[in-house]
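Paired with chain B in one complex and with chain C in the other, chain A is shared by the two complexes that follow.
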Partner chain A sequence: MTAIIISSDDHDACEEIAAQVAEALGYRCVGRSLLKEVAARHKVPQEKLVRALDRSSVRITSKSRNLLLAYVQAATLEQIVEDDVVCAGLAAHLYIKDVSHVLMVRVLSDADARVSRLARQKKITPRKAKKIVERERAHRARWSVETFGVDETAASVYDMVISLGQIETDKVVEVIRDMAGYRKFQRMTYSRKCLQDLALASKVRAALLSRFPGARVKADGETAIVHVKCSKRQKLKIAETIKQTAGEIPGVSLVEVHAVK
Partner chain B sequence: MSKGLEVLIIDDEEIVCKRLKPAIEKMGCTVETFLDPVSALRRIDEKEFDVVVTDVRMDEIDGIQVLEHARKKAEHTKVVVITGYAMMALAREAMQKGAFDFISKPFKPDDLRRVILRAAAELGTSLDYEVPAEDPDSK
Partner chain C sequence: MAIVSISRGSYSQGKAVAEKVAERLGYECLSRDVLLQASDQFNIPEITLEHAIKDAPSILERFSHGRQRYVAYIQSALTRNLCRDNVVYHGLAGHVLLKNVSHVLKVRIIADMGLRVAIVMKREKLGQKEARSYIAKLDSERRKWTRSLYGVDPWDPTLYDLLLNLPRFEVNDAVELICRSAEMKQFKTTPESNKEMEDLALACQIKAAVVEKHPDVFVASKYGNVLVYCTEGDRHARKLKAIIGELCSTIEGVNNVEVHAGVTPPANAV
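And now, the complex of A and B:
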């Protein structure tokens, strides 16, 4: 049992490959359609969630973006915890770390084909289109570092990097499908716990972030551990509030609050 | 009548063996424990175990070496690796080398019992023991 996260610099290719891999393996496919549910649950416009994910800073503050991404993260992890899933388009490669049964795949677009397509769509020269593509790539790398502390263009983030410029889509699907059967990507008690801890921490964080934007949350079993910036004077009251909010999340039976300067 | 499993537990911490032995015997399994991995390997050479539960960090021989040795001796043996120093790389290495499961310490006895039940099922043995299902709302 494996969870597969597919990311790409080409969103359409990413979704297509994810869907085909899911079909080949008989897995669920989780993608941008999840955002409808996230929007309804948190009463936010779906369009804002898309903008937060698409790294657009237009009409969205970084505080709002972090909160919106926290909602997406919590919902995505809730899906991935269930196993036998392929996920794409939800930035999961940036917040799921060190879970041994999660196979991280990066699909590189066929750069030349992408440039030609963009030049045709926008009726510009290939040279201009190439500059746009390169600028977007740099922007994505910067965004992922600023938001998640991870450079999504770095190969070290992934278990496998495949180039569509060299390998056809159907072969890419085959390779990912075969890799999913590799023993080291099978679920084990430890890796399942790691993912469950991440999922619980993300739920708690999503619940706290609107009031405590800098809160950092980890989970260990049923314990939520929250680090929050506050003075010694404020700590008691803040801890009370956090414990009450976090304690209401299903699966949390103990909340530790640590004040940091 | 269900036939219990033959289980071997190796951990250089006495308290671990002391706690796990009765917990697994309760399932109807026959359990031997070893604090010293060298002696444990000699025992593995003498007898085929259905399940070997091994710690990783031990003197002289580590759990990965136990895993490799046990799997070489009998392919059907299910080796469960337990460790207080769990990391993704170690977990993947253990799985790649044929571990049946990998559990980080501390863990509840029921966590190991669930693994033993799964091992029994794969070995075609039915154990007369039920572990409470994990509460889905607990996560």
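And now, the complex of A and C:
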């Protein structure tokens, strides 16, 4: 029983591999189609969710982007906590940390093939296409650091990085499928709790973020621990509001609020 | 039949993985032996060669080309060994040198800092803080070394076919993954890829022979046609051609020699 997060520098390759791995294992596949449900739940345009995930857009403020990503994060974790799932395209590799039964894989596209494809599509020279690909890569690294404090191009984020340059897609799928059976990626009581805590914390954060943009939330069992910036004068009122909002979320029985300067 | 090149962070258990992979596949395991051979062949103390590949170049060395010479010797010994096929090599910069040879499976083994610190504390009898500083210094030296010689960051995952983060794997699981990948058809030696390896070995051999007097020379080979690139003018190029021509008459596999002065060498030139 495991959860597999697949990340890639090529979105199409990522979705294809995720779907094939899910089919091979008989797992659910969670991808961008989840955004429709997120959009309906929070009454935001789906397109904005996609933009928040894909780029540091000048058309979204960082406050809006963080809120949209919080919605995505909460919905994604809700799916992943159920196990036997393959997830791709929802940046889960950036906000799921220290959960031993979650297998994180990064698939690197065949750089030369990608450049050729782009050059053909946009009718530009391979040199220009290569520059675009490199710029996109740097952009994604910057985006991931700005939004989640993690450089998604760093190998240390993943359990395995595999390149499509020489290794074919079906072999990559086989490798990931077999890795899911390794002992170190089997769910344990503690690792399941870690994931449940992350999921609960993300739900609470998503509920609080619109009014308290700097709120940091952790969970421990049914306790939500919220750190928020405020003055001494405001603390009591803010704490009351937070406790009321967070307390309405299923699974939360106790809310601790800590004011930080 | 393949070559497996394993690049590893220091104290990442990569050596143990490499040795087990070699044992499982029935391949030869190379690392230090390459240094010994280069030391014997070119009459350079092994410790000098070891420093050349472990320490980042100092500012003075970048002008004196001493390190380039030693690295050329090591590359010559390495590529000569790899022509034999069925080899697991775990050492510095094999993956960068071998990047254009299609039957080389390029693997990188990394480990989180916690594990590495624990290993260093045990092996080197250091405290936690000292162990952490020691590892940080080693990492920094290796990155500088690879960058200064090859212009790439060894931590860049795009340099590898497969990158594994120990201890997220048991060593045996990592070994199994690597062995399975090595047996994929993409990494089987073909006549074409074998020729690529032979050409690379030839280019490294010639470079090692001339690098002491001509440190700015780049060498490439294609089907035994040796192309030498130098930065100096035509007169020097003619002299160089005579030297290399004489040298190549004693080396098997050389069909032709061309010397190009003032031309940018291709990316695959050594």
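FYI, the second predicted complex is superposed on the first by the 259 of 261 C-alpha atoms of A that agree within 3 Å, B and C clash if a C-alpha of one lies under 4 Å from a C-alpha of the other, contacts with A are read in each partner's own complex, and residues count from 1 in each chain.
Here is the rule we use: a residue touches a chain if its C-beta (ideal position, glycine included) is under 8 Å from a C-beta of that chain, and two chains touch if they have at least 3 such contacts.
Predicted model, so just to flag it, every value in this text is computed and none were measured.
Aligning the two structures on chain A places chain B and chain C next to each other without any clash. Using the contact criterion defined above for the overlaid structures, shared-chain residue A:114 touches neither chain B nor chain C, since it reaches no partner. Seen from the CA centre of chain A, the centres of chain B and chain C span an angle of about 90°, rounded to a multiple of 10. After overlaying the two complexes on the shared chain, residue contacts for A:156 are found with chain C alone; chain B is out of touch.
By the touch criterion defined above, A:183 reaches both chain B and chain C.
In the overlay built on the shared chain, the residue A:199 is in contact with chain B alone; chain C does not reach it.
In the superposed pair of complexes, A:250 makes contact with chain B only, with no contact to chain C. When both complexes are overlaid on chain A, the residue A:81 reaches chain B alone and has no touch with chain C.
Once the two complexes are overlaid on the shared chain, A:175 sits against chain C while remaining clear of chain B.
In the superposition on chain A, A:167 makes contact with chain C only, not with chain B.
When the two complexes are laid on top of each other via chain A, the two nearest Cα atoms from chain B and chain C are 6 angstrom apart. Touching of chain A by both chain B and chain C, each in its own complex, is seen for residues 183-184. Considering their complex, residues 102, 105, 108, 110, 112, 155, 157-158, 160-165, 168-170, 173, 177, 180-181, 184, 186-187 of chain C touch chain A.
Listed in rising order, the residues of chain A touching chain B in the complex are 81, 98-100, 183-186, 188-191, 193-194, 196, 199-200, 222, 250-251.
For chain A in complex with chain C, the residues that touch the partner chain are 106, 108, 111, 153-156, 158-163, 165-168, 171, 175, 178-179, 182-184.
Every residue of chain B that touches chain A in the complex is listed here, in rising order: 86-88, 91-93, 95-96, 98-99, 101-104, 107, 111, 114-115, 137-139.
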